[in-house]
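So, here come the structures, one by one.
Look for chain A in each of the two complexes below; its partner is chain B in the first and chain C in the second.
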Partner chain A sequence: MDVATARDPKANTSSPQRAGPRTAAPQSGFAPWKNPDLPPIVRFEGITKRFDEFVAVNNVTLNIYEKEFFALLGPSGCGKSTLLRMLAGFERPTDGRIFVAGEDITDLPPYERPVNMMFQSYALFPHMTVERNIGFGLRQEGMPKDKIAERVDEAMGMLELRQFAKRKPNQLSGGQQQRVALARCIAKKPRIVLLDEPLGALDKKLRQQAQFELMRIQETTGTTFIIVTHDQEEAMTVASRIAVMEKGLLVQVATPGDIYENPKTRYIAGFIGDVNVFEGKVSKVSDGCIEIDANGGYKFKTKSTETVTVGQQVGLALRPEKIRIGLEKPTSDVNVIPGKVEDIGYLGSISHYHVRTAPGERVTALRANAAHTVEQAITWEDSVWLDWPVDAGVVLTG
Partner chain B sequence: MKGRFSWFNAMSILLGFAFLYIPILLLVIFSFNESKLVTVWAGWSTKWYGSLLQNQALKDAAWVTLRVAVVSASAATVLGTLAAITLVRMGRFPGRTLFSGMIFAPLVMPDVITGLSLLLIFVALGIDRGFWTIILAHITFSMCYAAVVVQARLQDFDKSVEEAAMDLGATPVGTFFQVTLPIIAPSVVSAWLLAFTLSLDDLVIASFTTGPGATTLPMKIYSQVRLGVTPEINAISTILIGIVTTGVLAAAYFTKRQTEKAERERRAAFGAAG
Partner chain C sequence: MSTRTSDLRRWYVIGPPYLWLLFFFLIPFFIVFKLSLSDVATAIPPYTPTFSWSQGIGKFLSQLDFENYTFLFGDPLYVNSYLSSLKIAFFSTILTLVVAYPMAYGMARAPKSWQPTLMMLVILPFWTSFLIRIYAWIAILKPEGFLSLFLMKLGIISEPLQIMNTTTAVYIGIVYSYLPFMILPLYASLEKINPSLLEAAQDLGSQPWRAFWQVTFPLSLPGVFAGCLLVFIPAVGEFVIPDLLGGSDTLMIGKTLWTEFFNNRDWPLASAVAVLLLLVLIIPIVLFQRQQEMVREAGR
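Coming up: the complex of A and B.
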């Protein structure tokens, strides 16, 4: 599925705030990962990291391109932070090489790498003022004093920190500390900024603000940002591409829209918004379509390029907005399943219908309340038919 | 319990403090005694402090003690800080448990054993005993105290602060001097003060490891007392008590003011920012 379809506004009606499309309009034509001639700015090549017996990162190969806002997403312990720390130079990969702008940096110490990291704990220097914290990296380069002052002022201006210049970190609120940490990180104008759960310590409202601030800084500086987060909404909001990790493995790398529309596993499918998953066995694979014998004797057919074998246990994922709900039995005999309305959530423009199907599965369908007075109102305990087109579902093998 | 007065508590405190401080108080009072006899009170006088200044042997001993204490405390603080950093920072390495055990073992080692073993090694190596052997011995036993003090501070030190410094381009050495050391400085000062005090009043280990010409003040006092306590000894002891008390109070005041200042700054900032 291409990006344009992923941006289909229909796809986001379920929760416009959470799964909203990239707000940044300039990004719409931005897809350097599709250009095979463009060298990546960061390349992980077969990276494995073992801690004794535990494999934290397992054979990860990944390209990240200039000016991307790249998110590493996954539950805690999935290896995303370890991957980031290997790029920063705090951990040595057990196996594999890391390249930045074509140069092998695997053996360089942290202080010789063209990356700067923002830490989850902010890691501000408690004995230095805001000003001196931000200027720390520039002083290490031996930059002349007036030049340092200029750059520090620029960074403070960008993050509205000028009024706190003379304060120590313990005299700042959490949100202010977070901004100082970011300012310190970008003051050196690195090619790549690494963010390790940068907003984890902020409350929800502040976090949303900070997300937009991150995006603004990333766009104005034109720097490549790599963020590590366990918060799916955060990744969807800020990132141009997301890499989902699970148990040290890279499960899927795709745009937020693609992750939403074409999840590879049940785990990813459940990330954002609601998803209905029908379990079944593959009965036939032919000309780009997979047919599935689902529980209860129903037959589903869906377009898919997934490689499966007949008899394999798979899941069919369907977003609620892709399922039609009606009182009349559809003419088609595939992708049709009867059920009874158990619950209705009326949300003004749309309604959620929770339907118990004959095999006993609970399915959520969405319907836009288009007409002023719905002629055929569906109500509780109604027997209904659910159906969907062959291109609506996604076959999940993982 | 809070705020309630009881005779039992009052008596406990009184007895406890009496037990601790009456001997010291007596010593201080008798240092101002007019009489040459230590046990007979003959009115107030400061003449023993005056005669102290004339006593070249005591002055020499004090000078030796001071030099030993300053040099050994400084060296012990450096070594102890390095050991503490290794223990806390280096994570797991083969023999870490043994290493940390060996650093802290001298804490519970009887002074006599430490002194004797050091004497044996100096003799075996054919090192002439004197000023420098005392210093070596004092470094050996006070280093582990310094390591304990610094280690306590390092343990609640956010490691990512050091990583941030390196990430921003500071070399490991630069990181240590620009970030780590300033942050742990108060504990390094405490470690130095502790090592200094330990060296100042050590008698046993110094006696084992000394040689001709190097007599520390505790050794001098002890040898003089064996010939009979003179009021001069009381006077010099009073001065020692004064130095130690001043040092301890100063350190406590300094630490307290630091925390209060930080607290005030915080409150001022949030009062203003809302």
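Coming up: the complex of A and C.
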């Protein structure tokens, strides 16, 4: 049983994959985590890691499936790198077991594990050429020389490194070094590739290219990739599923779409994308809907399967693009709140409206600039009405 | 105008060290070299010719010859002294390397907060006079010294050890005295190695021992070369250690040189010995510089 499904009833309801520039897996229908009969390729079972008094990883249970591109996401110090290093064998868990393909590898040394890691610093051997760096892992296996040359050439071809074969790492640019590190990692054809902040040292444009390259390599080799990152956009772009960690705990494991649409906590809602959160108290729970008395006397109603009790303090999260903004008062009397436009961010295709509501909260709403359908342009200092449908908001208890 | 002043300024900076080398190295060297081409004389100073303006420079130069050098190569005592010095210096360098490497490695891998303390412990012996430390070794190594007494108390040996006045004592003295010169450059190069390189090696299937030979050791080679030269060069010309610990058994060029100067008062021959020693030592220095250049070219 996956922790995501155990903890989050919404993870199993099929929410559509996020539309986006995805080229790699999952193809539509790639969702091995939904199949309870499929054995995971990696299983963390009750993993805890303490450094003296500090708990870096706290009782994490997590399944990762074959051919997944799995992201561990969180701010620095949340334990994501420690979790990855335990899988690579550089750290011993204080408690719990780690399984790869059903086999307990908790006590295996790093050099006997079927995983290869790409380091944040790339850790290329400075005294070896690109070619020898990539072939390093194969030489350890005692593979015959011609076979090594073949595999090294294959890896170099895949990452367009052939012309650098005889160079030393310090004669390469950052982007080239990053590709050598990846080539060295996949040359051994491991079952699982671990990536520890692999693109952190690249500038933004190069990073985006590299993300697509990672996805291409992951798809063509059919390998399971596990990436550690603090960059939510990167995780959203590359991953089939994301595990969000905070202070050593696994907070939510779900697809990028699910994490975006149904964040479990205020922390995740704020961490991934822009979000407006209205605070309030639960006033009524009935047939799949929760009603909230918000600050300022407004009434909100939203569809939710979250278990809450009347009187409980909750947050209502709304993505800016889900909020309608208009000059006319909507007919509905729930999910409506008046305000004044304070600021407009015009971004060409869309505009951001920053609205100060009557209770004094600042709300961001998005509106597409489809010129001829706009009945009246909204401008600064206009009194406006914000409203949203009952299925737009997400109730946050955490 | 501005380039002239900047040229001048550059000379202010690099001039003094060059002047220093000129006055305290190059000129003394030429004096010693001239001496080595002279002949012994019972006079003050004890050699001839001495330069005087009345004689003229041509006459002065014509009296110089390479007699001392041909003599050096003709007498097996000097050849053997050189060879023995090189041998002792070579093996004590290897021994020092073997002892120093694990210590430097341990220092480099120790918690960061310990490293200054460990470094301090390595340097600490320098706070005592070198001569006193060698005398202390006499007290340890002599037959009725601490080492023999201690081992006899433990019942490991029944007779006192005969180490004093042997080549073994010289090896012990050299390894002990020059250990810091080996540890410090080794530590400097080991400490620079990114620990994730070793993790990467292990991750790629290399067992710790193989990872050491494939990654750590090659990357520490600059430190190995520097340390070996810092030990080898002074060890070849070492005088105090073989004189105090080696007794009459040990033949080393430093001792031979001393005997020529002070017992035989043959300054010209002693100078020839010194010049030849310098030439012998220039070879490893040139080798080292070549190696350093290669490292620099490799861009590390």
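Everything that follows uses one rule, which is that the second predicted complex is superposed on the first by the 369 of 398 C-alpha atoms of A that agree within 3 Å, B and C clash if a C-alpha of one lies under 4 Å from a C-alpha of the other, contacts with A are read in each partner's own complex, and residues count from 1 in each chain.
We take it that a contact is a pair of C-beta atoms (placed from the backbone, for glycine too) under 8 Å apart; a residue touches a chain by one contact, two chains touch by 3 or more.
Worth saying up front: this structure is predicted, and the values here are computed from it rather than measured.
A.B. asks: Given the superposition on chain A, are chain B and chain C in a clash or a fit?
C.D. replies: Clash: chain B and chain C overlap once superposed on chain A.
A.B. asks: Between chain B (first) and chain C (second), which does A:Pro109 come into contact with in this model arrangement: first, second, both, or neither?
C.D. replies: both
A.B. asks: Tell me the contact category for A:Pro198 with respect to chain B and chain C: first, second, both or neither.
C.D. replies: Neither partner.
A.B. asks: With both complexes overlaid on chain A, does A:Gln171 touch chain B (first), chain C (second), both or neither?
C.D. replies: Touch status of A:Gln171: both partners.
A.B. asks: For A:Glu141, decide between first (touching chain B), second (touching chain C), both and neither.
C.D. replies: After superposition on chain A, A:Glu141 lies in contact with both partners, chain B and chain C.
A.B. asks: Once chain A of both complexes is superposed, is A:Gly393 in touch with chain B (first), chain C (second), both, or neither?
C.D. replies: Neither partner.
A.B. asks: Kindly classify A:Phe125 by the partners it touches after superposition: chain B alone (first), chain C alone (second), both, or neither?
C.D. replies: Both partners, chain B and chain C.
A.B. asks: After overlaying the two complexes on chain A, where does the chain B footprint on chain A coincide with the chain C footprint?
C.D. replies: Of chain A, residues 88-90, 109-111, 115-117, 119-121, 123-127, 136-137, 140-141, 168, 170-171, 184, 188 contact chain B in one complex and chain C in the other.
A.B. asks: In their complex, what parts of chain A are in touch with chain B?
C.D. replies: Its residues touching chain B are 88-90, 109-111, 115-117, 119-121, 123-127, 136-137, 140-141, 167-168, 170-173, 184, 188.
A.B. asks: Hey, which residues of chain A end up touching chain C in the complex?
C.D. replies: For this pair, the touching residues of chain A are 88-90, 109-113, 115-117, 119-121, 123-127, 136-137, 140-141, 168, 170-171, 184, 188.
A.B. asks: Quick check on the complex: what are the chain B residues that touch chain A?
C.D. replies: Against chain A, chain B makes touches at 158, 160-161, 163-171, 174, 178-179, 182-183, 262, 265-266, 268-270, 273.
A.B. asks: For a test of understanding, state which residues of chain C touch chain A in their complex under the given definition.
C.D. replies: 194, 196-197, 199-207, 210, 214-215, 218-219, 298-300
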